[in-house]
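Residue numbering begins at 1 within each chain, and the chains themselves are lettered A, B, C and D in the order written.
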């Protein structure tokens, strides 16, 4: 990873963390409706993967989608506006957190169905192959999603068709309250790749460099027409499954221990400073800029008009 | 395999072959309605596996289900009666070929949904485990079914719960017109077992001894509480996908070559005679007995009354 | 099934709808070891809506069997378990996820008995919840009873009160058929009297939740509460609405519904699900067919707009019938 | 969409329904390279019902993309492809398998546009076939239009003639929404005139297939043929039945249906699907609601019995409406 990229991914990770922290606050203030799922702790995955993508590459995301959206270049104001139910939000208040999409940046949407985005990314990769472009499609999904039928069927299709797809499994140790240890009889989810005849790689999802390098190779491979790859990134979510999760299934010790041990931002700060890519003060400056950006974004979002009434059939059907 | 078992499995295979041949004739005479799928060529798999099962063990079967049904001990008369739409058929004419079940022998039914039986066998295995019996559930399914989501989800559940289940994939080289080579990017479907943390074994589905031995071990393992196994039996279907299939996707040479090369009955005859387990004349006698049994079964079926009218709600709902 | 209708027995206790359901599960599990619960997040977490809270401690992890996210695998395993001697209760977290498991529900569970010529029973309950009102948006807010009700071989239950929830769930667990048991996410935290101990409400019996002479509102699930509220408001204008809670959509209690129609001569069929092809159409068509001459006005439907459920709170409310909408429709109907 | 209704153009050719569908696919694939066909058995074999016969040779294996058996994977891939610039036509071999893919159809394809606030289009067609009559039994004979018609975001088409099949499939492929295109297994080998070259029948237009004054039979798919046959028999008894082929269930052409009801004052809604919760309920309820005073008799439904489809031929016929049943119901209705 070059120096500029290092600073860029740090900024992306900070934007994600900041977005999640502010969302938590807004949620606590009852300004956000519904349910939101924090990506805090997993920033290195989205940031490291998307740093290798172009605007015209596609991603599909999950219920825990804010991080992917930001890493793919979304505007924070439009994201907050969506959470606040504004007409100026990405989905005009119709979608909310679990459906934020930004097709202008190739983000085909967060998805409330666990595993629901995997076939969709596969289809996007099919488009690229069919039309002979060199676009790539990346599907982000959780460890839980890796036990869905859609995972199996999609990886097989991508493998036999040699599609330009990369499957990124974010193993954050839990699917809601179910620990991975109880959901799998294998230690390494990446071994499943062999069943489809594609490369599978387990990576450290805390280390954005490791993610970046693995993703770079997988994306290059896809772009060159050499088929799909499965990446499995070990990770940990700092928060509960959703804001408000009582986390009865975790001990305080576990939570605190992991949180400290497993913070991609702390980790990135350390090596960026260590390797002289930027000073602590430089990074602090980034942090401040991001904090200001978030303030501005929230203010902009808050000033937007409420989502307009549903218009039928136009809101539902195209061209009608 | 002991000598008695050898003769028994030979008889079972002959019964299956005879049943399929007679079904073809009846179908050609327009006596059988709907669609039937011949198991000819794959007899060694059902016979070899079911020789290790007790009447109170369960199986789930497929659209190509006659062989499993017979190997699990079904009465040929009731099977023919079902194909002929008689009240005396296993399903009282309501199910037909694709739904023949014989719960008295643990056969939970043929299944018209590719992959549909896999979770059901998994559930049967769960019953055994839950009630603390030592019953085992075996799911038969095709290579095509191994690309269904149900395969993936079920194998994972069985593995994490250590269920007494055995998954038997019959790789007969095709899913309808699609050759396995185009459906998988791996040569050996059994490698998928590793992704679930269960043993996976590829076996020669022509050789009933190989099937028997592998199944014996897998079933014993399941019965002992040591969890599930995936067996993948290489095989070939002698007939088209269904009676009447124009087989445009296969060359004459391929069909004739495989058929000769791959006949579990010829194969079994050879080693049974070679090893002095039975003489050719003994086997001829079995063949004759089976032929007579089939004649009797068809005659009995044909004499049965037509299926009685649908009674509602009683035919659909229990206890109503 | 021996079911005894116990409307207001001696000992009743105020409970949340979620607790009443948990109570039914607890009692049935204690009564019959073949009853097990299978689903996501049902163990330590107690279920997404806390219905199974406490059951893990009581019955242990094999009978409260928490699963990975594998909807078709889980439902299919329940079918197999039901075929072989268990009486599984599956918790599907949101009815919206039924699309993943529909094959096992319809092609297997609903049809096995019929296809096997009567050789099998599939005594299982699929508990799930639907409906809007929590900002969960289009993939977590649907009302899909119409899908299930159209499938021969399924029974379909939608309780509106804690008491009914307990009684109907008990009856569903004891039924030898696959029962789709549809809860509503906004009912879990409603309270009501619930008979203690064994309590059965038989499947296939509607309940007149309020008597009235001017029109009948036929409805179910959360809209029952809205209808009762609307009826109070209408009463102030001297319009007396009868409210029939269908409770069980399959089998449907036509008699109770038709009796109310014959009494009031005007009917409003009300539900949250999308109107187009909703189960209200079945009820309205049935009434039009069987009580045409008793009707003084066209049978009217009030139901969800033809749109996925939007996220924002004000939008969400705008697409499914609210109390105001019911009052307005009722007034038009009796005008 | 610019659609021109071409009822009887100069150049028409007798074709099978299956060929007419193939013709539409061939023309649309030649016209627009973004149109691809995805499905099982569609290549060398030409599709389970021979609709895609010859297309592999013409367009090659990437545009006639034969898949493994992975229904949700395939349908989901089509959704992703549609979102990103292709116009996929999926062939789902039997509508009964929709239960495997329903999540992608409903939670993704139907809702994406809405959920994304209009950012996306999902121009895809899901072609499949249903219905009984070939002894394929309960897992290969269902009629499931009611499921799809209930889903906001889908369009639903069910052609009964070769000409309509071609014209409606062309319109469906050019539509920017997910269209569920439901064929009938016993229509593939029926013949009729089909306009050559480009032929569009707009979605949302019913077709009066026979004029009559005494009652109107509203129906679709294979039952249109039965209704026409019944009408001929009724005519011998001087009962003139109008037959309206709904053709598109969503959007529904209410105007044409209501016009026929206002003219004949009696209506029989007819379909093969299970009556309970069938789409006939929607149409009957709509008529009861909007044309109550025009009706001289209750709106009547004739539809499939509440049972899975049995295997044996005599049983199979006994559970879905046959010509005799229609004649009988019509006579009762006008009596």
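Convention: a residue touches a chain if its C-beta (ideal position, glycine included) is under 8 Å from a C-beta of that chain, and two chains touch if they have at least 3 such contacts.
Note that this is a predicted model, so its numbers are computed, not measured.
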item	value
Identity of the chain that, by mean CA position, is farthest from chain A	B
Averaged-CA centre spacing for the pair chain C and chain A, given as whole angstrom	36
Whole-Å gap between the CA centroids of chain A and chain B	45
Whole-Å gap separating chain C and chain D, where each centre is the average of the chain's CA atoms	31
Residues of chain B touching at least two other chains	91, 93-95, 99, 111-113, 116, 147-150, 152-153, 156, 160, 182-184, 313, 315-316
Residues of chain D engaged with two or more neighbouring chains	67-68, 70, 72-73, 96-97, 100, 103-104, 107, 114-115, 137-139, 152-153, 305-308, 310
Category of the chain touch graph - line, ring, star, complete, other	complete
Residue ranges of chain A in contact with chain D within the complex	58, 60, 89-95, 99, 101-104, 108-109, 111-113, 116, 118-131, 137, 149-150, 152-154, 156-157, 160-161, 313, 315-320
Of all residues in chain C, those that touch chain D in their complex	72, 96-100, 102-107, 110-111, 114-115, 137-139, 144, 146-147, 149-153, 250, 273-274, 276-282, 284-286, 288-290, 292, 295, 297-301, 305-308, 310
Residue ranges of chain A in contact with chain B within the complex	147-153, 156, 159-160, 182-186, 191-192, 194-198
Interfacial residue positions of chain C with respect to chain B in the complex	1, 34, 36, 62-63, 65, 67-68, 70, 72-86, 88, 103-104, 107-108, 112-123, 152-153, 155, 175-177, 251
Complex interface listing, chain A residues touching chain C	33-35, 82, 85, 91, 93-99, 111-116, 144-145, 147-149, 175-178, 182-184, 248-249, 306-307, 309-310, 312-313, 315-316
